[in-house]
Amino acid sequence: MAKILIISASESDLPVMEGAGKVLEEFGVEYEMAVSSAHRSPERTVDLVKKFHNGGGKVIIAGAGLAAHLAGAAAAHFPLPVIGVPLSGGKLEGIDALLSTMQMPSGVPVATVAINGTKNAGILAVQILATSDKNLEEKLIEYKKKLNEHFKNR
Amino acid sequence: MAKILIISASESDLPVMEGAGKVLEEFGVEYEMAVSSAHRSPERTVDLVKKFHNGGGKVIIAGAGLAAHLAGAAAAHFPLPVIGVPLSGGKLEGIDALLSTMQMPSGVPVATVAINGTKNAGILAVQILATSDKNLEEKLIEYKKKLNEHFKNR
Amino acid sequence: MAKILIISASESDLPVMEGAGKVLEEFGVEYEMAVSSAHRSPERTVDLVKKFHNGGGKVIIAGAGLAAHLAGAAAAHFPLPVIGVPLSGGKLEGIDALLSTMQMPSGVPVATVAINGTKNAGILAVQILATSDKNLEEKLIEYKKKLNEHFKNR
Amino acid sequence: MAKILIISASESDLPVMEGAGKVLEEFGVEYEMAVSSAHRSPERTVDLVKKFHNGGGKVIIAGAGLAAHLAGAAAAHFPLPVIGVPLSGGKLEGIDALLSTMQMPSGVPVATVAINGTKNAGILAVQILATSDKNLEEKLIEYKKKLNEHFKNR
Amino acid sequence: MAKILIISASESDLPVMEGAGKVLEEFGVEYEMAVSSAHRSPERTVDLVKKFHNGGGKVIIAGAGLAAHLAGAAAAHFPLPVIGVPLSGGKLEGIDALLSTMQMPSGVPVATVAINGTKNAGILAVQILATSDKNLEEKLIEYKKKLNEHFKNR
Amino acid sequence: MAKILIISASESDLPVMEGAGKVLEEFGVEYEMAVSSAHRSPERTVDLVKKFHNGGGKVIIAGAGLAAHLAGAAAAHFPLPVIGVPLSGGKLEGIDALLSTMQMPSGVPVATVAINGTKNAGILAVQILATSDKNLEEKLIEYKKKLNEHFKNR
Amino acid sequence: MAKILIISASESDLPVMEGAGKVLEEFGVEYEMAVSSAHRSPERTVDLVKKFHNGGGKVIIAGAGLAAHLAGAAAAHFPLPVIGVPLSGGKLEGIDALLSTMQMPSGVPVATVAINGTKNAGILAVQILATSDKNLEEKLIEYKKKLNEHFKNR
Amino acid sequence: MAKILIISASESDLPVMEGAGKVLEEFGVEYEMAVSSAHRSPERTVDLVKKFHNGGGKVIIAGAGLAAHLAGAAAAHFPLPVIGVPLSGGKLEGIDALLSTMQMPSGVPVATVAINGTKNAGILAVQILATSDKNLEEKLIEYKKKLNEHFKNR
């Protein structure tokens, strides 16, 4: 079963959420992808999270806009890391989603990345798995080298 | 059974939430009060909401600070009105709670009042019940008159 | 006479305000629609509100942008629930309307929904009527189920 | 009859509003002072404004906090200048009052001064009267000189 | 000589500033228009303001974006009313200009209108002149009536 | 060698950073603590991060206020997870630190928690280690249960 | 004659502005200090700036709060570097001063430091002089070393 | 060797950064241009800064968006002036970059100009060099005259 679950709060957010999936593929990490809303399909959200945990899932990446509760709702039911991606839907360009995702109460953290930062959410998920996977760690070191080399002679 | 449920996300918010209770008492409306968190006691929150609905409850008032998901979590499981009160705990003085409470996605509204506006939450709950209770409506008309008279000769 | 009055502060806001009307039609709830400004036609606004109340009206939905006083002006003259929709006209994308609508003083609440959240304003109005109308409550429970089912197999 | 009317949205704002009154006294300009709320005593507010206009009043200074509609409500009924002072009551330190006072729709301006800027509201009222009163203009020129001299030898 | 001076901080702002000029023309009030910057042509700005005052000018309307100092610079040298219009040039959509224009220190007010509110700046200038001109006051009363009538039967 | 490194940008932030340390102790996770600044001791910061990585370190928790670059500077040199805690020093109450910590460019994520959320930073670090440590995962499940039970009978 | 001029917009800001003076003394750089306002003593401000320039002055440090125009007003009349320090007076904690100081139009820069960052303003002034003074540059290199050493063994 | 180094955090920012280069060319000041990221090529960034300093470089201009650490990272390793240009990439239009660039801790200033203010960054760099170069100072005085003349007869 996949170690990473990517949940998107609405279908219209899937294209931006795929940024996380692409990174996981580059690093050879399997993932599942689902669409579920904390407010419109709350029970389905809880079920997805619990099944994922029971199946041995390790990290959840949740992206949502506006009053973005999805990452927090996942974190309420998942004892392992939840990464939250605030999305910029709506007139406030993601400021609402940012605060709704990040300002979690004591006891239930969400690891928040930049607005629309789905690519970084993917990398962070890989970094988390790499804390116990030397092969992934090597790949991350290689990845950092390439980022670096990109700037040479510029 | 009470028609109004006041939920507070933490015990430390009870004193400010009692502002809503006091108003309900002035209008002779029964209410229940509970403490439950969307993130720390998510199942208890859902249970409270469902039991309240099954018992004939009509309006929920939910107050929370920071990434204030409590009103939204209640609204996800309650088909009748949920009033959200953003509380000013934390360094951002309630701006985070305001946006987390108000910017709900299409299909699941939360009736948001001012930051720390627990008194107005109570009045709004009375107004909602008054749409089918002439006696309460009379009391609200009387209440408005008194607000008005307060300003006379000043 | 209609139980819901939708007021828009300017004709240019009518298309977005119709989002509330559509929801009411789906739920089979009659409504009236009017255009009136708190600042440009203040007496007409008061008259509309009072006539609506005298005719047995139950809920007002008021949408306005900028220094959005319309919902507050309605609430000053109406003892039953007023729902405010902050609209995103102007350079500040609705932040001004949001604060002008929501930060009402003690004694005169406005039930505020998200920026441009006219659809949710309609649902909230239905929820308020449903506190005394089992038929509407059933429809809302059905509506929530459909929201939920929408996410199945995604 | 006085040419200036100072209105305060609540009694608790009177001490800060007196800053405007003091300036008017220094310049020898008569004023009246009243407490009335756009939301809690809307009819009294309209009456005050209309009587003041009928009595030959020239400038209104209105101070309010939160969803500060008072200056706008006065401007809706007064054809001459309305000066708005956003007050810093509440958790948002006057940002809400600032936007509610200043972002008025086309056709109904409010001359907005700084948050809690009651002294400047008084000076602005004097400046307005001075456009047709050479004596007041002289006093303002003198006032500006004194401001200037205050900085000498520092 | 004209009683109103409209200053624009840059030529690119002239089209929006003309909104003020149009209103003045409708009310039959003469005005002058100039382009001068508080930072790029500071002496010219002071000269314009002083000549305007010496020529009997009564009200200045100053529009600027970004760190909008133009209205404040005019107010530093002019004892009569200065109306400031924050313009929305730049990435912050006028929030910078708004605060730079409105948050003036004690002793030197600027009568600030809404972001890009040049039309209201024109009306406010007319209102100021109308405090000593019955004819203009009548026109303003007429103008308010028309605003009002616009909403009839809508 | 310790698996967690807590870095604080200044000694004055140590008391709040200890919130993370306490949590790690409760979960029986060893950690090191250091004070180093991205701007005042940049080489020391890089050295600390590299030595920690070479010694088998798994997660860095970095807390800083103002233009909070510390977490980002650590992430630039560390291939495994970096948790950033924006601290509320300074007049902007942590909004500056929040954006400086969270808005990282593509390729170099920082897992950001709430303003002053050092306790949640500690829990997140434990969650990351728990992705490969069943014992820690059990403790986290137990921890979540206790959070939950805390709300019973309230 | 001194190479650095520190101007403060009001006497009440002198204590915080002295932070800049102290740094200059540590580096053995002479400075003058004056109090003058862009709005209350505009001609004095221009005179101070011009005299300072004619006397061979090299860098101006200007600190102001609210609609902080002082640094911009200095920059309008000074061809060499002007450093602006936004001060946190007023209810907005310096956000207004920050934008008023930094968002200068093309052609007239102000080198802005952090809110209340008078110490850094002093260091920046020394850095500017050090571009042509090897002795000062050595002192700055020494200063950076000490900052660094401060963190050793912590 | 060039006295000015312009660094851009990403290649996509080069077009806007060239605004600084053009100004330097107009004033006949040589500069180098490089692309390097504080987070993606941290060592290259430090190397660039150190080599520039060793080669006699005097001023660095660094432009970056989002969590804009580039100017701060340069300032950590450079004893002479660093000018920071917050760029408006990303959904927050440069507010994040502004705070990340300007709110530097005590001891390590960054001279921050307006969002996207690359032209002003170039002028400020010239002003800094002009503190010891009479020829450049003359050119700046001439430049200010032309800015001024531009407004004549408008």
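Each chain carries a letter (A, B, C, D, E, F, G and H) given by its place in the written order, and its residues are counted from 1.
Just so we're on the same page, a residue touches a chain if its C-beta (ideal position, glycine included) is under 8 Å from a C-beta of that chain, and two chains touch if they have at least 3 such contacts.
Treat the numbers as computed from the prediction; the structure is a model and nothing was measured.
Shared contact partners of subunit F and subunit H comprise A, G.
Rotation angle relating subunit C to subunit D: 180°, from a CA superposition, given to the nearest 5. Our note on geometry: subunit A versus subunit C, Cα centroid distance of 35 Å, whole angstroms.
Separating the CA-averaged centres of subunit A and subunit F is a span of 18 Å. Chain centres here are Cα means. That of subunit A falls 32 Å from that of subunit B. In subunit F, the residues that reach two or more other chains under the touch definition are 37, 40, 66-67, 90, 92-93, 95, 102-104, 107-108, 114-115, 147. Inter-chain contacts occur between A-B, A-C, A-F, A-H, B-C, B-D, B-F, C-D, C-E, D-E, D-G, E-G, E-H, F-G, F-H, G-H.
Across the complex, subunit C is touched by residues 88, 93-95, 114-116, 147-148, 150-152, 154 of subunit E. Interface residues of subunit A facing subunit B in the complex, by the touch rule stated above, are 9-10, 37-40, 42, 46, 66-67, 69, 72-73, 75-77, 90, 92, 95-96, 99-105, 107-108.
Interface residues of subunit A facing subunit C in the complex, by the touch rule stated above, are 11, 34-37, 40-41, 43-44, 66-67, 90-93. Note for the complex: subunit G touches subunit H at residues 58-59, 79-81, 83, 98, 102-104, 106-115, 117, 119-121, 123-124, 127-133, 137, 140-141, 143-144, 147.
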